[in-house]
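Pasting a structure here, questions to come.
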Amino acid sequence: MRTSEDVFHLAIPAADLDAAQEFYVGALGCKLARRYADRITLDFFGDQVVCHLSDVADDAPELYPRHFGVTFRHREDWERLLRLARTRGLTFFAEPFHRFAGRAEEHETFVLADPSNNLLEFKYYDDPRMMY
Amino acid sequence: MRTSEDVFHLAIPAADLDAAQEFYVGALGCKLARRYADRITLDFFGDQVVCHLSDVADDAPELYPRHFGVTFRHREDWERLLRLARTRGLTFFAEPFHRFAGRAEEHETFVLADPSNNLLEFKYYDDPRMMY
Amino acid sequence: MRTSEDVFHLAIPAADLDAAQEFYVGALGCKLARRYADRITLDFFGDQVVCHLSDVADDAPELYPRHFGVTFRHREDWERLLRLARTRGLTFFAEPFHRFAGRAEEHETFVLADPSNNLLEFKYYDDPRMMY
Amino acid sequence: MRTSEDVFHLAIPAADLDAAQEFYVGALGCKLARRYADRITLDFFGDQVVCHLSDVADDAPELYPRHFGVTFRHREDWERLLRLARTRGLTFFAEPFHRFAGRAEEHETFVLADPSNNLLEFKYYDDPRMMY
Amino acid sequence: MRTSEDVFHLAIPAADLDAAQEFYVGALGCKLARRYADRITLDFFGDQVVCHLSDVADDAPELYPRHFGVTFRHREDWERLLRLARTRGLTFFAEPFHRFAGRAEEHETFVLADPSNNLLEFKYYDDPRMMY
Amino acid sequence: MRTSEDVFHLAIPAADLDAAQEFYVGALGCKLARRYADRITLDFFGDQVVCHLSDVADDAPELYPRHFGVTFRHREDWERLLRLARTRGLTFFAEPFHRFAGRAEEHETFVLADPSNNLLEFKYYDDPRMMY
Amino acid sequence: MRTSEDVFHLAIPAADLDAAQEFYVGALGCKLARRYADRITLDFFGDQVVCHLSDVADDAPELYPRHFGVTFRHREDWERLLRLARTRGLTFFAEPFHRFAGRAEEHETFVLADPSNNLLEFKYYDDPRMMY
Amino acid sequence: MRTSEDVFHLAIPAADLDAAQEFYVGALGCKLARRYADRITLDFFGDQVVCHLSDVADDAPELYPRHFGVTFRHREDWERLLRLARTRGLTFFAEPFHRFAGRAEEHETFVLADPSNNLLEFKYYDDPRMMY
């Protein structure tokens, strides 16, 4: 968990800015900060994600080595997001499953895909000390 | 800025885990959480970055569309990291420069490259409301 | 100052939602949360402001009895917003002035007007105990 | 939710200052900060509401486009306020109801009326990420 | 310093409730929470002070053994209160002076008297670890 | 509830410093900060209470107009203190009772007496907004 | 509990740095900050523990007078650590037991031994005010 | 820096409990929580240090491998403690010096000795990220 007022930021490719805004703001519930001709900047769960207009898109996305997302400290926040994803019909890359069962670092996770096939993973760890 | 105890997480490719650990922990001052045969997990400025062993590396990295990093709320934190980068001889992809001069969202930035050519951008905005 | 995770919310009239979004998000630097056919919801300095499409607009706005805004705890935040307002050419209803000079509750203030003539007042008190 | 020590402030009309003080302080449980001949200033759930003596009152108030209030992060706080409103016999403009049922942004709400017919809406969202 | 959401509360005698309210709310800048026939309850710098109507008043108050007040963590807050006391012409029982000079627990202090001669002491310690 | 790093302080009479220390530190679980020949200073639930050696003691203490104590935000803290008072055999001036039943400001309370008959009241309000 | 951004630090002997790192990072879930030829520095539950290469080891460790560890504010954190200790097969010096039963300062505790026989005690107090 | 309400605890030997209390409480400004026949428990800069009566004392203490103390986030806190140590004539094991000059982890430090020759080190790092 973070103690500072700093913000993580991530830049990712987007094939189409309207589709990106529809996904991140309209569907995922993030907030739009700024829109330019070639990018949109978002308040993504309190961090900054910037979608850059680009033709570097993925036709056959794989979870490794690249993805991003949020690990929730509280289980009910992970569950609420899962509920929102279902309510709003978001595209699941991986349905919820339990990873590393039986190990101290076991956690719940599900993965969504954005319109440009960037993969978003959302996790909840049984033991918050294992969040890193 | 974030208010929750959640953690942002990012998965990136690493050609070599020892080199990755030497860069992130030994040089950049992040903390090692876990090491597996195929990945290392890090406390990266309070968020989780996972380096996955992978041959998806970049020979000719470009800042767009992919990079990640931290936007500092306090200027002295940005300056301290710049000082550490110079003290420890890290590889600069872009020396410090001022972006969007004259605009409300103007900011200071510099970019480092890790051993697998992932690009790390560190920013400081004149106006913290523009951090998103 | 507030200690809770609650949010103040305010509903105001807007003659045109595109103009409202351009002002609040594009100019004032707030964030767009949701857009409907008849309203937009905004993260306004951490609180919720909702602009409802309405023909109840004000041709000759007056500061009393209705206006809203933010009182900043830290002077530099008030100054940064003033700078942004000038940088981005926002419409001033009242240029910065000092109110109640010589009294414990003296404060700095300026007032902007949005496209539907809602008035926004931004204050900084010499003594933070006087913020209420 | 807010992270800063700033305060939202709102100015509204009041036909009578004694009635306003009786409602906001005596009934609603807010705190009186200052009283002048022409206004009272209140600590309203941690923000500043100023009631200005004015003959701009509403005989037939409508919820749109103008109202204000608080969105509670914790359900029990919304319930406690509802209980206080009933215990102290406050005037309900709208009894508690559920808005946007089935949608991610669904929420509980009720609306009170103050002596000058300003409408106060108090909400609780199923999903706190939808508070904006 | 305190870490909890608890509140210290103190009950003191007041010869006259209007005079008490005028002093604590009108002059000292505290906030009125509730008024009864026989007491007023106040938000006194974030704690609760209750003035009970009583004829137990002090004609010749002495600083020991009874007084109460606030020790400020930040010098500017002590200075602002001193400025407010002078601006609003409050009654000083003791003008600002430095106590325990040369000792680790040295501090600045001044003492006010309320209309019932309760003594209020406001301190600022050179070393915050000495605030207890 | 308080938001600052300031500390409330209260000075009270004590007939005997050893008895005072035994009560406040040994029994009530507060912490001793400093001891002088004529006073002891205590960290009392995060605030400062100073016991001054004095012959101003009370043979027949009454709850009004003078007493002090803590209002707990969380019921379990009030219950734990009650349990400690019973476990350690502290002197009750008033056994736990419910005050203002049926009113918004109803609360639980009990009162202890220290060796010099200063009265300590500990409260828990059904509605935390009523803590002032 | 602590309110500051300061860090407690402790230096202890380690017979072998690899074994120390395997225990603290690999097993106990702490984070590695820096490694030198003669010491490793760790983020130990948010404080700094430094293991210095040394032949001052303990063949027959005893709980008194030297040990260190963490007292958890929340029971579930103590339970999670106990679960991790069992899951990962750590060496128990003392299985969980209840100390000072019936007293206000009663608490749960267990003790682990590191590879150099430093003893680590982890506690949970029934009453958090007794954590000191 | 720590984010939790947990407390670090350390047990150390003390040849004499009165001398220990005089040093930690009377001189160093820590707070006494509990005193038993065989130990005293202290609030040591927000963590728990317990001094156990023991004949395991050190005639010729050395800084390695055992010592403990606090690393301050803010330079003025380190300076205040240094000033208190001089004002109150505490025993210095090492006068203030700068360690690791020129390295990112460079820091200021001084070391005190308690009556049983336990060594206490107090540090301030140029770069707070290096506090671990």
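Should a chain be cited, it is by its letter among A, B, C, D, E, F, G and H, assigned in written order, with residues numbered from 1 in that chain.
Here, a residue touches a chain if its C-beta (ideal position, glycine included) is under 8 Å from a C-beta of that chain, and two chains touch if they have at least 3 such contacts.
Note that the structure is predicted; figures quoted are calculated from it, not measured.
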| item | value |
| --- | --- |
| Partner chains that chain F and chain H have in common | E, G |
| Angle, in degrees to the nearest 5, of the Cα rotation that carries chain A onto chain C | 180 |
| Interface numbering overlap (same over half, different under half) for chain B and chain H | different |
| Chain E and chain F: spacing of chain centres that average the CA atoms, whole Å | 18 |
| Centroid spacing, where centroids are CA-atom means, of chain D and chain E in whole angstrom | 32 |
| Between chain H and chain E, distance of the C-alpha-averaged centres to the nearest whole Å | 35 |
| For chain B, residues that touch 2 or more chains besides their own | 1, 3, 5, 29, 31, 33-34, 43, 128, 130, 132 |
| Partner chain C, residues of chain B touching it in the complex | 3, 102-104, 126-130, 132 |
| Residue numbers on chain D that touch chain F, as the complex places them | 5, 29, 31, 80-81, 83-84, 87-88 |
| Interface residues, chain E side, partner chain F - complex | 1-14, 31, 33-34, 41-43, 45-48, 52, 54, 56, 63-74, 77, 105, 121, 123, 128, 131-132 |
| Of all residues in chain E, those that touch chain D in their complex | 25-26, 29, 31-35, 43 |
